[in-house]
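Both complexes shown next keep chain A, but they swap its partner, so chain B is in the first and chain C is in the second.
Coming up: the complex of A and B.
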């Protein structure tokens, strides 16, 4: 019975299907808020679903000069890995799925969609896709460093515990170092999502969507679902690690929804109030500004811990 | 390092019109650019030669949807130049109002697109919303949002109704604060600075050597503006500033265009307040044989029209030179050494308009270009020589002008 119930959790609620639906709804929120900011009307509620269904019914065109196997595999790698992360994060409050080191697994799996994009771009044999893939590589190198330092800071504050169950029990936003690392992770999430100002790899007006350029039909729809899943999973990851975790009973559920919407709107606002930066500027920003800020936050946390100052 | 070719075009999300840029890149750095145009030939000059002088104005208006007043302005001036007449003062004022309104809408359109190319879609949408106001003004005056059909040789077709002036003034007042906000946003945003300052620099020397026109040259410190340099329209009646900056980068081109819009608002307001009474049309009956030249400072630079008449009711030769034709080669100076990421905004910075510029290109069935520039110039010279021999002309007045003879 337990196994059956866990199966239902994993597949239906709050697992895979729920996550996909919320993910697509989140992408609707993104499109609608963006449209309202820009004096437009915006799409109807079900537009992301229509888009996916439409793409699923379209022909898949495989590039002649590319590596077909990797070209087909790449979107699936990204999709599977982000689905696993989503299920791990959503199931943790219901079933005791947390194991030691699951934080590491999650952080590792979160980079896989970007790697899938690189593989897909490189496999398509298009010069613009190759350009986009090379930009994505540089971007990953740029944002992973401050991202990992900020996560390490949280691990340090939790007393070197690397399981999500422990990390989700406390909120880090009451301390200065916690807020700083939250902001850094928010910016890195922006880059992970491929949103403006860090949509350098896709850059529609420069390299015509880069790695996605040769993708069509169902494979493209898998990429689209992966993107909207990330739009849901990354904020949930931030809530789990930084902001007291998620619960599914009573007012806690509402509290979780509010936290999620706040982070989502923050991401959308950043997206709509910035032009795209160049890749060298992004590198400078993440390795310079963000990394230095993350190290400062770390030092603050160490000072706070050593001298017993709670607000640091 | 291995050189790769990144194609921009002939169809690309960056472009509204078909044109082809071949960027040779080393890694992310552009080392060379080859611009190929000729995808969009519509034979406007020939069409114009088939119509009467009056009908041609409408054809000329449709050369470009954005500078739909600049071309008729230059064309009517060329026709009036043949006859040697001055249009009535009220017509001049109305022409100036329309031309400046078009400048505002064109610069706003470009500003929005520039935002889009930088990935700043919020600016794109906001600016285009603001553009609606000026399009409303144009609609109040002419009945059309674009292609105003206001010009005719000898004057203008419609008068401005005095009852509309307060409403137009109100609309113009509405534009100014939003423009100011936009200007501040561009001036103070560090990310816009990072993307546009020092990018695609066109030096003053290069600008003069390439013969760049309009805001492209004024951003490089070349103080050249047909509105100031020649006396036409109502521009000499009032006080306004020519905006000139010195850096020549994309940022300066943005700044020049935004500041020019304030000047345009100023000019329109003056014209509306001091609109003289009188006729709006000379009612020209026939055009004598001869040739005429008309120029106008279009939003993108000087538009040049040459019209030759043989005394019949349609032009024998009508030559159009759009400002983009002169601004395009500046890519050779601006884009080399820049990153691919900056290429799109540099290509957009001259505010190119290809439907104005396009001439034909000769290609074989595989799409390869058959004649290069030198060969075409040679062909053109041969044709001129044969024509001159046929007509028995020793030296045309234009050639004398070029050689500096009186």
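Coming up: the complex of A and C.
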């Protein structure tokens, strides 16, 4: 019976299907808010669903040059890994699925969609896709460093515990170092999502959506679903690690929704108020500004811990 | 009408191709994206790659150089792909009819689903043309 219930949790609520639906709705929120910022009316509520269903009915074209096997496999790798992350994060409050080190598993799996993008781009044999893939590699190198330092800070504050259960029990936003690392992770999430100002890899106006250029039909729709899943999973990851975690009963659920919407709108506002930067500027920004800030936050946390200052 | 066709009509992604236009039509096409007209209301958006496109929007008079590219782009598009001719040039070659460089009109090169006349057509005319295209695919 328990296994059956867990199965229902994993597949339907709050697992896979729920997550996909909420993810697609969040990508609608993204497009709608973007439209409102530009004084437009924006697409209807079900637009992301129409897009996905339409793409499922289109023809799939495989590239003549390049590796067809990897071309088909790449979107699936990204999709599967981000679904696993989403299910791990959403299931933790319901079933005691947390194990030691699941933070590390999640952080690893969060990199895989970007890697899938690189593989897919490189396998499609298109020069613009290769350009996009090479930019994505540089972007990963850039944002992973401050991202990992910020996560390490939280692990340090929690007393070197690396399971999400412990990390989600406390909110880190009451301390200076916690707020700084939250901001850094927010900027890294922007780059992970491939949103402006860090949409360098898929720059629509420059290299025609880069690694996606050769994808059509169902494979492209898998990429679209992966993107909207990331739009849901990354804020949930931030809430779990920084902002007191998720609970599924009573007011806590409402709290979770409010936190999620706040982070989502922050991401969308950053997206709409910035121009795209060049890849070298992004690299300088992450390795310079963000890394230095993350190290300062770490030092503050160590000082606060040693001298017992609670607000550092 | 299947569910994918229904979804197709609600999310037409447009690839915009100029085959030697005077650029006026292209500006009017871009006008449709501006706040006043906002075709994203109907789920339409411009895409950069022909592999993502559902509609091939052609402006201009199909001169010798670009006619080859037009045909190869049409073959590269994933089916179903609809072709829309925008402006007098792409319909009948307009003032370039007697030109040595524009031997054939667009609809003798690829099958065209909708024509939007005008030189250049107003954004309102383009939107109404798209509505007619949707009605046509619906079979009304």
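Note that the second predicted complex is superposed on the first by the 312 of 312 C-alpha atoms of A that agree within 3 Å, B and C clash if a C-alpha of one lies under 4 Å from a C-alpha of the other, contacts with A are read in each partner's own complex, and residues count from 1 in each chain.
Following the convention adopted for this analysis, a residue touches a chain if its C-beta (ideal position, glycine included) is under 8 Å from a C-beta of that chain, and two chains touch if they have at least 3 such contacts.
Please read all numbers here as calculations on a predicted model, not as lab measurements.
J.: Looking at the overlay, does A:8 come into contact with chain B only (first), chain C only (second), both, or neither?
T.: A:8 sits against neither chain B nor chain C.
J.: Just checking: does A:127 make contact with chain B only, chain C only, both, or neither of them? Give me first, second, both or neither.
T.: In the superposition, A:127 contacts chain B only.
J.: Taking the superposition on A as described, I'd like to know which of chain B and chain C A:204 touches: first, second, both or neither.
T.: A:204 sits against chain B and chain C alike.
J.: Where does A:54 make contact in the superposed view: on chain B (first), on chain C (second), on both, or on neither?
T.: second
J.: A:279 in the overlay: touching chain B, chain C, both, or neither? Say first, second, both or neither.
T.: first
J.: Taking the superposition on A as described, I'd like to know which of chain B and chain C A:44 touches: first, second, both or neither.
T.: It touches chain C, and chain B stays clear.
J.: Please work out whether A:196 is in contact with chain B alone, chain C alone, both, or neither, and reply first, second, both or neither.
T.: first
J.: With both complexes superposed on chain A, which partner does A:141 reach: first (chain B), second (chain C), both or neither?
T.: So A:141 meets neither chain B nor chain C here.
J.: What is the contact status of A:216 with respect to chain B (first) and chain C (second): first, second, both, or neither?
T.: second
J.: For chain A, which residues lie in the overlap of the chain B contacts and the chain C contacts?
T.: 38-40, 204-205, 208
J.: Taking the touch rule as given, give the residues of chain A at its contact with chain C in the complex, in rising order.
T.: 31, 35, 38-44, 46-47, 49-51, 53-54, 56-61, 204-205, 208-209, 212-217, 220
J.: Write out the stretch or stretches of chain B touching chain A in their complex.
T.: It comes out as residues 4-6, 12-14, 28, 115-126, 129, 189, 191-192, 194-195, 339-344.
J.: Chain A touches which residues of chain C in the complex?
T.: That would be residues 2-5, 7-8, 10-11, 35, 38, 40-41, 43, 47-49, 51-52, 54, 76, 78-80 of chain C.
J.: Residues of chain A touching chain B in their complex?
T.: Against chain B, chain A makes touches at 34, 37-40, 127-128, 131, 196-197, 199-200, 203-208, 272-281.
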